[in-house]
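These notes open a run of structures that come right after.
Across the two complexes that follow, chain A remains constant while its partner is chain B and subsequently chain C.
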Partner chain A sequence: MSLSHIFPTYFKIEIDRDLCKKCKRCTNHCSYGALSFNGERIVAEDDKCVACQRCVTMCPGKAIRVVRNESYLPPHGNYTRRIRNIIWAQSGNGGVLLSATGNDRPIRSIFDDLLLDACQVTNPAIDPLRETIETKVFFGRRPNKLDFSMDEGDPSKVSLKTEFYPHFEIDMPIMVGHMSLGSISYNACMAIYQASKELNILAGSGEGGLHPDFYEYGPNIISEVASGRFGVDINYLHNVAGLEIKIGQGAKPGHGGHLPGEKVNTLISQTRMIPKGSDALSPYPHHDIYSIEDLAQLIAALKEATRYKVPVGVKIAAVHNSAPIAVGIVRGGADFLTLDGFRGGTGAAPRIIRDHAGIPIELAIASVDQRLRDEGLRDEITLVAGGSIRYSADLIKAIALGADVGMCCLPVLIAMGCRMCQQCFRGLCSWGIATQNEYLVKRLDIDVARNRIINLFHSWNEELKEVLGAMGIDSVESLRSNRDRLRYIGPNPRIAEILGVKHAGE
Partner chain B sequence: MRWENYTSPSEKFRNERVFDGCGITGFINIDGTLTKGDKIIEMLEILHDRENGLGAGFAAYGIYPQYKDFYALHFLFDNDQIRLNTEDFLSSKGVVVFSEPIPTKQPSNVDKPPIVWRMFYEPKEMKSLSQDEQMVQLVMEVNEKIEGAFIMSSGKNMGVFKGNGWSHEIAEYYKIKDYEAYMWLGHSRFPTNTPGWWGGAHPFNLLGTSVVHNGEITSYGTNMRYLESFGYKCTLFTDTEVIAYLFDLLVRRHKLPIPIVSLALAPPLFSEIESMDKKYQLALKNIRATYRSAMLNGPFSIVVGQNGHIPTLIGLTDRKKLRPLIAAISEDENTIYLSSEEASFKRLMLDSSKSFKFKEIWHPRSGTAVVARLGEGLIRNGLELPFENLQLSVMGV
Partner chain C sequence: MIKTTMILSKENKKTVEIDVAPNGKPLKYQDLNDKIHEIIQNGYERLILNNVCGQRFIAASLQGDFEIIINGIPGNDLGVFMDGPKIIVNGNCEDQMGNTMNDGFIIVDGDGGDVIGLSARGGKIYVKKDVGYRVGIHIKEYEHQYPIIIIGGTAGDFLGEYMAGGLIITLGLKFLPDGTIIENSHSICGGELGTGIHRGKIILRTEENLESKLGVGAKLFKLMEETKKEIEPYIKEFCEIFNIPFDLIGKKPLQVVKPISKRPFGGNYCGQYI
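Then we have the complex of A and B:
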């Protein structure tokens, strides 16, 4: 590379030489090769640093700081540093740029423009410490009505004749999104599944199959059948709470899975049933699904294979036309529908897609929920929504807009130690989360990670109860689709219209 | 009384929901004996602190025996031309068997009183829709689309009388004392944020179902959107409307028995359900799962009258009982009473000319329905556990 194309780094590693004991621990912990020891002192290479903060955290002398590189590029309001970096990178390597986590463009969050209602005078607020507030939800398909009858001659005789579809209960309206073994480590998966079992919530398997060690957590796992069919065998289908056909993912609508070969070690190769070291690139479409009727066939085939005992759903990325697609999916027999918004996360996705394709989950929930209602289908199925549910406030607003269950991934990773350096696709995660390198994976203590996830969702659920109580609602069922309890304060009234939410003050 | 805003709220207050604190009362004579209106007036007027002169109303069942086979439509019209237009519209879809003004005691100092009218009506036979279903659509259409017309009630052999004023004024205006009914409901209102309008007073009615309600439904948005997916249009700017439609949906269209309806609207807590036998758990969990959007949240007490299959009086509160409801049975066990307050019953006992006596006065449990049926008596006293005294059979169990 010629000198003129070496561009300035984002970060700068500062080492306080007085505090540095030269113990070299940082050089062991830096998985990106940014720190080394030259025999005399620790040497930092800023251009390799991703600001994962591992060295900062692990340095016993607190001698390291990773700071922003203040080197000042000629300013330009349109060609931002970000755009220039993209051009430099592409003109250097000539390829499609990879990225990870979710869309990082500073696009206004609609969740942040929504405010919640609360009780005053005419209805009493409910104190969750003194009264019961319920957050249990049912997952799966429900009948449109129950067939109860009362005996004509004896009104004390009541009979119920409805046949029920498979459905189950979870204790919080929360699902950990699909992160496959492959995109994240064995230890990270184990911590998530253990936490999900403990909390009785759901976790997605991702499209990477299910390691036999995880079968015991099956009752809390939704396993994914994606276009690559990685790891799909009968055990994978039978031993889980629900099956989800993955059509799309919020971070990369129109794309399949991208698991770089660097991450495919023996463990991953066995679970996914693919050769070691090979890129696991699942096709963009399912090659047996070129239209809606093909999807209906796959739904039927999965139901048949599981003897109609396991709910089967479909996940789509939130795109312009989500609402009619969702109707087709429900009519095609799906028991639940998962919507993933444009900010949804990924372990690896082309940057161009991650940053520019799809629509915000808030709008997708609103239009899908409304359309399913217009067609009289909404209450029969479970609607799961994710794609940047960052904290309990987003979860609560997603439910009020129309979701049954909120799905999220990044908060779980952050709870386990992720600092969001956005390098998951490189397989070098210094925190042992998005890597398959055994040396790095060992850094993630399963028990600690599990407890942190439990704590996180416990606190979300308590905050959900606090909000429900303030609204005078004692069960989360009465918050779902209750857009009457939301108000909009953003700059664009048209958004409020699409959301079916009034403006604040109305 | 307020002589304005008969068929819709004033322009200023449209799109605003009305929150109320209210007095509700009702009773049913099990043997079908007709009782004059003064009794319900006494029961209601004594709840004086629960009203502020901004709305009251009555529902009377059994008042039109001579037209019992036709839908009795009670109207409010802004003027006579709208009345004629509406009658033309209805004639195009069926037969107006008889049409007349509802007798009122109209004060002389009002320039533009409402036209209060009743029609006895039979919709045309249709292959695709039952008569009830047609009437639901007609009522929705008139109330939504004909500016200046409002249907107060649409059941058979019953009627709703309501308006914007104190309960004693409304009673006097409609000459309630002159009607004789086997079942009465009464409502007096304390709305908090709008001056109210005549159509927005209680009872709310659809076909034979009338609801009087005290409280505020915090799940309004959820319930409204649920009902909309079944074709109901919530246009009345009040949460009581959704209760009337939920009863219509669950009782008339889904044919759920009343005790099951109450379990859908105010279900037991999961923690209670999980302590029950498997069969009850299965039934209750499926009720909650299927009717999760019908569940009413927030403080409420309601009294509902129905005359669909078997005329029924129902009382129900929210599952935390954040609004009062009290029940009583007469000494001869022929009359079941419900009210916001015991004062309604005490008031009847004070009447030395009649020597009323009650066999029992009791407080129903939270979220548990009191159900009394014509000809059968008190079939649920509101003190039972969900399936107590019911023999439940569940297919496959």
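Then we have the complex of A and C:
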């Protein structure tokens, strides 16, 4: 046995032989090849197990448990289990390590260090069950002020002079982030788009075009124009609510995309408009964008191409100098700006970038919002922010820090069944989410998944209303950038300063 | 002079002519494109634009069998997202002509700029003289769509970078003001030729040893009879359009650059259990 097979596995599959009926169901369900039947009994190979919990869930006799297996590794506070595993993997493979989902390092979350304000005595709370609390958001570019012209003869005749830019309404300040057909399955895409339509929220198409089956959900889809321009044609541009130029992704700022040829089946080929089996490489930069002026040119080109009917935005990863870049983007003509923090998700990204590049979304929202306000631009655009908005509390805090809309992906996947085994890039997802294997994709029931997403966001929206009511605010737009309703309780007052949030007790 | 009869459909199309700089004042690109859309809606099939001077995005996302003749210098992103029309430019072009083009035919009787045909999925782009950097970057192919870029002169660095399909031909000719055509003394292309190429091919008409110019994943091949047969009609068409004697082409060898593999970077990455 080679050295690479000797190091201890993370997980141990325990099969209760008394409960096991040898039905072999688990062997069919395990897409990672960790379970097999040798003619007499079920055999478990711990080194192949990723703890996706599919076998545990599907076993009719409840005979399987996946448990931790790390007790005998010598402990070391600096060379943690994780670091040792990285070294073992690299010394075995000699390549750039891939990873999926978001940054998994235990870095302190700033969202968790923020507390919300609530009304007592001097400002009345609102009861969200009996009174209207508005969670609608207008998406797109808005005029800073309205101009009217008066009829000189008849002063009662007033008409609006201001010309409006394309914008639309969504019912909740929520967007499902960009996950392409390719990174996730057809069924997963369909469930997300159907839920988004039902809830009238937004969903991102990801890079890689829009399959014609999804055109009917176009009014709720923001489609991406990324460096590879996969699947970008006129039908695509004309069939969506908004267009987003993808410059960067929170999980891999400064990095392109790479869909391996083996994943490009008929479905993906039709969507991306590339031959079957061909690699889909998204170059690291857009080769027509080397400056803000070039970006402004692509924004203008997309506006020209769509005859000024849809908002055109730009998505950037939250990096050190996001704020000045954001100003350039807004001045360059973008109607909305999407910020993706360093904890943002991915289907496949080099681990070194996922784990170490970018900045927290909380700080990026606050600094971009402040800079745009300083320059008098904030109210003109919609700011979408994502990168680990895990639950409604994060969404509410992101809005209070300055985002108009919160963007998330992983909560949606988890709602659909994802157990976060973080193996998305292998295309073997046993839950039928991050895979293109038809046998596996069928496992994801579109109706069930759709309803679970609807339930999830319905509850987020209700919780948002509860919080708004407790704060005495009757519209989510009044919470946006309302940092006075936040207090900081973390260990580093400098963070509070950058966030523009007072310390608790102040 | 271009033989427009080669390109434009012969039947009498309903034609309109516009001065893009009326009274010496150039139209803005928004107004120009508005006009083009209005003209198409009014049932015209051919448009002649005079005095074009740097207007960007001309013919952006136009569809169908429309024909545009541009007299002057169009700005960046000529024919961006275009899907079908034919454009003849009597003059030079700026950057990113045919950006993400789906289908169509752009003919330039002059020089082209940088990043021509960025991510184009189909259509043809013929440039009579020289072009700049990163031409044909990431052009693709899909089903019946097959983008073709032919350059009469020479190209800059990064020709056919990230190429994912289609065909680029560079002929290395020089067109003197008096109309004579000679061999271009400049190198046929710059460095990093076809770097990251994973589908499609680049044909270069030169005796130069291109080995040292090849980028990552690109490899030189001999011209096979099959490829020669495939490309000949396009070169013939190019020669006829620009009045180049076809015999001239045969005076230098054609070298072929193709990808080493369909997965140039496949081995760089690996998964692991962490």
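The criterion applied here is as follows: the second predicted complex is superposed on the first by the 490 of 506 C-alpha atoms of A that agree within 3 Å, B and C clash if a C-alpha of one lies under 4 Å from a C-alpha of the other, contacts with A are read in each partner's own complex, and residues count from 1 in each chain.
Keep this in mind: a residue touches a chain if its C-beta (ideal position, glycine included) is under 8 Å from a C-beta of that chain, and two chains touch if they have at least 3 such contacts.
Because the structure is predicted, anything quoted here is derived from the model rather than measured.
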item	value
Superposition on chain A - do chain B and chain C clash or fit	fit
Touched partner set for A:S159, first chain B, second chain C, both or neither	first
First (chain B), second (chain C), both or neither touched by A:D374	first
Which superposed partner A:L115 touches (first chain B, second chain C, both, neither)	neither
Partner chain(s) touched by A:G472 [first = chain B, second = chain C, both, neither]	first
Touching partner for A:S99 - first (chain B), second (chain C), both, neither	second
Which of chain B and chain C A:A296 touches, first, second, both or neither	neither
Touched partner set for A:A393, first chain B, second chain C, both or neither	neither
Contacts of A:G228 with chain B and chain C, given as first, second, both or neither	second
Overlay on shared chain A, then closest C-alpha pair between chain B and chain C (Å)	18
List of chain B residues in touch with chain A within their complex	15, 19-21, 192, 215-216, 218-222, 224-226, 228-230, 253-257, 259-260, 269-271, 283, 285-293, 295-299, 319-320, 322, 373, 376, 379, 387, 389-396
List of chain A residues in touch with chain C within their complex	9-10, 47, 50, 82, 85-86, 89-90, 92-99, 228-229, 232-234, 237, 258, 260-261, 269, 273-275, 277-279, 281, 283, 287-288, 297, 300-301, 304-307, 350-351, 422-423, 425-426
Sites on chain A touched by chain B in the complex	119, 121-124, 126, 131-132, 134, 136, 138, 142-146, 148-150, 155-164, 167, 169, 372-374, 376, 378-379, 400, 471-475, 477-485, 506
In the complex with chain A, residue positions of chain C that touch it	29-30, 33, 37, 56-57, 60-61, 63, 76-77, 80-81, 83, 95-96, 99-100, 102, 115, 118-119, 121, 134, 137-138, 140-143, 145, 161-162, 164-165, 196, 198-199, 262-274
